[in-house]
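Think of it as A, B and C in the order they're written, each chain with its own count starting at 1.
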Amino acid sequence: MSLLEVHDLKVSYDGRPAVHGVSLSVEPGEVVAVVGESGSGKSTTAHALIGLLPSNATLDAGRILFGEADLAGWSQRRLRSVRGSRIGLVPQDPANSLDPVKTVGAQIGEVLRVHGERDRRKIRARVLDLLARVGLPDPETRARQYPHELSGGMRQRVLIAAAIALRPSLIIADEPTSALDVTVQRRILDLIDDLRAEYGTAVLLVTHDLGVAAGRSDRLVVMKDGRVVERGPTSSVLAAPQEGYTKRLLDDAPALSARPFPDHPGGPPAIVVRDLVKEFRVGRRPFRAVDGVSFEVTRGTTHALVGESGSGKTTTARMVARFATPTSGTVSIAGAPDGRRFRRHVQLVYQNPYGSLDPRQTIGEIIEEPLRNFGLGDRPARRARVADLLERVALPGELAARRPRELSGGQRQRVAIARALAAEPEVLVLDEAVSALDVTVQAQILALLERLQRELGLTYLFISHDLAVVRQISHTVSVMSKGRIVETGTTRQVFSDPRHDYTRELLAAIPERVR
Amino acid sequence: MTRYLLSRAGQAALVLWAAFTASYVLLQLLPGDSILIKFQNPELGLSPQQIAEIRAYYAGASPLADYAHTLLGFLTGSFGYSIDTGTPVVERLAEALPETARLASAAFLLAVVIAVVIAFAASYSSASWLRGALLSVPSLFISVPAFWLGILLIQIFSFRLRLVPVIGGSEVQQLVLPVLTLAVPISAPIAQVLARAIDQVYAQPFVPVIAAKGASRWWILWRHVARNAVLPTLTVAGLTLGELIAGSVVTETVFGRAGIGRLTEQAVNAQDTPVMLAVVVLAAAVFVLVNLLVDVLFPILDPRLKGAAA
Amino acid sequence: MTGASVPGAGGVGSGGVPVPARVARRPRGRVPVGLVVAWLVVGLVLLWAVVPGLFTAYDPIAGVPAEKLRPPGAGHLFGTDAVGRDVFARVVHGSVHSLSGALVAVGVGLLLGTLLGLLAGAAGGVADAAVMRVVDVLLSVPGLLLALTVIILLGPGTVNVAIAVGIGSVAAFARLARAEVVRVRRTDYVEAAFGSGGRFGAVLWRHVLPNSLGPVVALAALQFGAAILAISTLGFLGYGAEPPTPEWGLLIAEGRNYLATSWWLTTLPGAVVVAVVLAAGRISRSIGRERG
């Protein structure tokens, strides 16, 4: 008998169906991964299982058989007896998933108290046990700390401790690692694996990352637009996907693609960075965000700066784009004039395409802005150029009259790229420019960037935390950690023969290639 | 922490001094001879000749000397003499303060109770029409002129229902209607901020996580949401406290009560600048002190600020 | 157990509402009734101020002694006062005083406050610190006391009262405008505009101003209501217009002497004030939601 069987689950938001009859099952002790892009209904399905839908969503039909019971018909009051005790939840965003004004210990102990434990000493002892079990050193201190005093990885461990406190038979892990750095991500996934082995807990792993699902699950459920498009044992789905959508996902997932390394053409450098230092003052102590960084980028190639959050890669990029001034060191960009005209030569593309477009302007006005600023052409000429740029980034011309909020994430990022191209720059600094996008969209934008580089001879400085993406697009790579570059080389060198321990750790954290 | 407290206290003192200086300058722009008025007071027992000497002294010195004199007076607790009655301003304040303090503190407590009831009832009600109705109450409260509300209350409770005598009655009977009049407009911003804060806390990702532990709605509301929503509410409650003194002007006039508000009204009518200056500085002092207290309380209530404050 | 599953026959259980999602969403296309009423109220009162003759034939100043203290009825919608003047006529003719006063007050606050806030937010550094200290001082004195201080200086009168109320709202406008400018200046799209080669002035004009003015406009609507309240309060205390003028606050003050017998003298004009202030608040919220 299955631990959990979901039959024909239907959920709608404000009367609009979002999940159209999903069925899936989880056997005791196994990991089932639900994979899909944003809007596929995977998170909604997961939350519906324990009756935690937002108030504008309703469970329209379906059966949720958990053991002997059908949870779909249960009242909130009855569901409360199952939540936390027999089904645990590991949430998506560890940064905001803990109450900021309560101690970590109190929030783990809360599960026990909610389910009837009154003995304070017993609760405390169990909390310390759990903290130690999820690998947090010095549990006594941790229990007294507040969430803001812990790192993202530590917070996720605390949330896992709360989820396993009553040894539930099922854990729903909703994108448990997508907000974490890759090396931390790997350790958290290892922890979940260990606990599963130890307690025999089944895991329903909801993720957008096919790489994570591939390495960690026994069975795979692929969702698209509120429907299951394919299911089966993970290895067989990956080896021989039956559906076109699954195939595309596999092709687009950077971690799983085995494209050849781009060849490095060689030539004169377009960007030369020497001994770059940036200090910020935090309280009385200066803090070195960037500490003696040097690298060169050959004209017409892509150089990637890779690192985890806090490594100084974005600060470096902002200094190259002259949005921040270095404390010391130099950035020289061949042929770039000084002053305002520097902006015609170097352009920056931001991570969040929505935030970087003025919500009150039309797409046409946004793309036209650099032309107006630099006085390039008269009104009809600028109009023509905007149409031209839209075509170049493969957007339909009628979008010029729309506003950013009417566009999808991928379209917005194309607009941001079109605006960057309007000034006819030679260097583009791309700051996590594809990180906020779904894999299929990400693949399209990467392809667009590659084509533009070929057609226009652009030089890219590509900032990313995602090694798999970097491997696809860049010719050379610098790996950053704590403000320093620990390793530099061609992409082939760095990926196939890493010299530095940190680089090896980063590479080991990329889910293995399965094909 | 000590550094934080010292810097906040320093800022408070600076604001208070600036408020004093600004109102001093404003009120000093008045036509009329303030020094003459100040020293003509019979209680000082100065002869016309002495007054003339003092005038000559100050006129010869500068307005700056007069300013320094007044500031020194305020620092040592002497606020000069009322032009209207000739008595020391301190005496008039001391006479009026207890009445207003009683009225204002009762009104503030009632305002907080009203606000908490409205906000919590709105957040706990599942029917959307009830929630909407409750949430529109503060907008109504804030739109009612306090003087009109007072009159309306007198009309209903004293003349129609005859529950509260117009003249006479016990201390409590005398306080009920003025307290209600003063509390209603002050409860509105507190209720609005509290209701909005509760909504914002509910939108936080940690709330469904607590629900997933099996906690009930009441548990979530009481132990987590309320605790987090207190913080912004405290700030706005501190800000409204200053409004109590201003509100007492209207309330005390409508109900014919003695107090700071009444004193203020008389001071404006008589262009009694020393009294007005004292009242303004008093109001600013209450405001600044209460908000200093809120600033001190904040790091205790919100652990995230402890690091920042240290 | 699996065999027993009959698709479609599954229990239809609504998930209930464990954690209310607090985003009230209005279904598209539904007319917000409250907002329409609010605009109607404001429009009507504006018409009263511009063409009072259309709404009442009675004289607001000269009364008919024979018809004194009549309760509301067909002839006199709001009744008559102690000298036989039609109260409705006085309210209609009085609207011009309250509205123009509120306009002046909001104008003073909006202009001075927004300018200060923009200066502080856009310039930053020392100018910012200086302006914000001034705002702190203004905030530390309650609005009504500040207005009374200004009235001691300028003396009573309709215009002086309006200016006094306006000065009381400078701090609120300055703080909001500064906060908005600082918020918008930190956004990626403003940096991107500089990155597109924009000059300081152009970026300020094209991006920072339009994106930060929404909440300020909403505050102006809210302050319009608040100014009507404050002006009527000062009128009630006797610092506004002189007696025969049918100013709203004064009207209610005059009715106080007949509380025991003639409820309509105070209640009905007050209800008009409440309606106008409520309407202004409702409009302010709709602006805030649209542009914020």
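Definition applied: a residue touches a chain if its C-beta (ideal position, glycine included) is under 8 Å from a C-beta of that chain, and two chains touch if they have at least 3 such contacts.
Every value quoted in this text rests on a predicted model; they were computed, and no experiment measured them.
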{"item": "A-C or A-B, whichever has more C-beta pairs in contact", "value": "A-C"}
{"item": "Innermost chain by mean C-alpha position", "value": "C"}
{"item": "CA centroid of chain B to CA centroid of chain C, Å", "value": "22"}
{"item": "Gap in Å, rounded to a whole number, between the CA centres of chain C and chain A", "value": "45"}
{"item": "Whole-Å gap separating chain A and chain B, where each centre is the average of the chain's CA atoms", "value": "50"}
{"item": "Chain B, residues touching no fewer than two other chains", "value": "208, 211, 217"}
{"item": "Of all residues in chain C, the ones touching two or more other chains", "value": "17-21, 23"}
{"item": "Shared-contact residues (touching 2 or more other chains) in chain A", "value": "52, 76"}
{"item": "Interface residues, chain A side, partner chain B - complex", "value": "47, 50, 52, 76-77, 80-85, 88-89, 91-93, 96-102, 110-111, 114-115, 146, 148-149, 159, 162"}
{"item": "Of chain C, residues touching chain B in the complex", "value": "17-24, 133-134, 136-137, 139-146, 148-153, 225, 229, 232-233, 236-239, 249, 252-253, 255-256, 259-260, 263, 266-267, 270, 273-274, 277-278, 281-282"}
{"item": "Complex contact set, residues of chain A against chain C", "value": "1-2, 5, 7-8, 14, 48, 51-63, 65, 68, 70, 72-76, 79, 321, 323, 340-341, 343-344, 347-348, 350, 352, 355-360, 369-370, 373-374, 416, 419, 422-423"}
{"item": "Touching residues on chain B, where the partner in the complex is chain C", "value": "14-16, 18-19, 22-23, 26-27, 29-30, 123, 126, 128, 132, 139-140, 142-148, 151-152, 154-155, 159, 199-200, 202-203, 207-208, 211, 217, 220, 239, 242-243, 245-247, 249-250, 253, 264-265, 267-269, 271, 273, 276, 279-280, 283-284, 287-288"}
{"item": "Chain A-facing residues of chain C, complex", "value": "1-2, 5, 7-8, 10-21, 23, 25, 27, 187-189, 191-199, 202, 206-207, 210-211"}
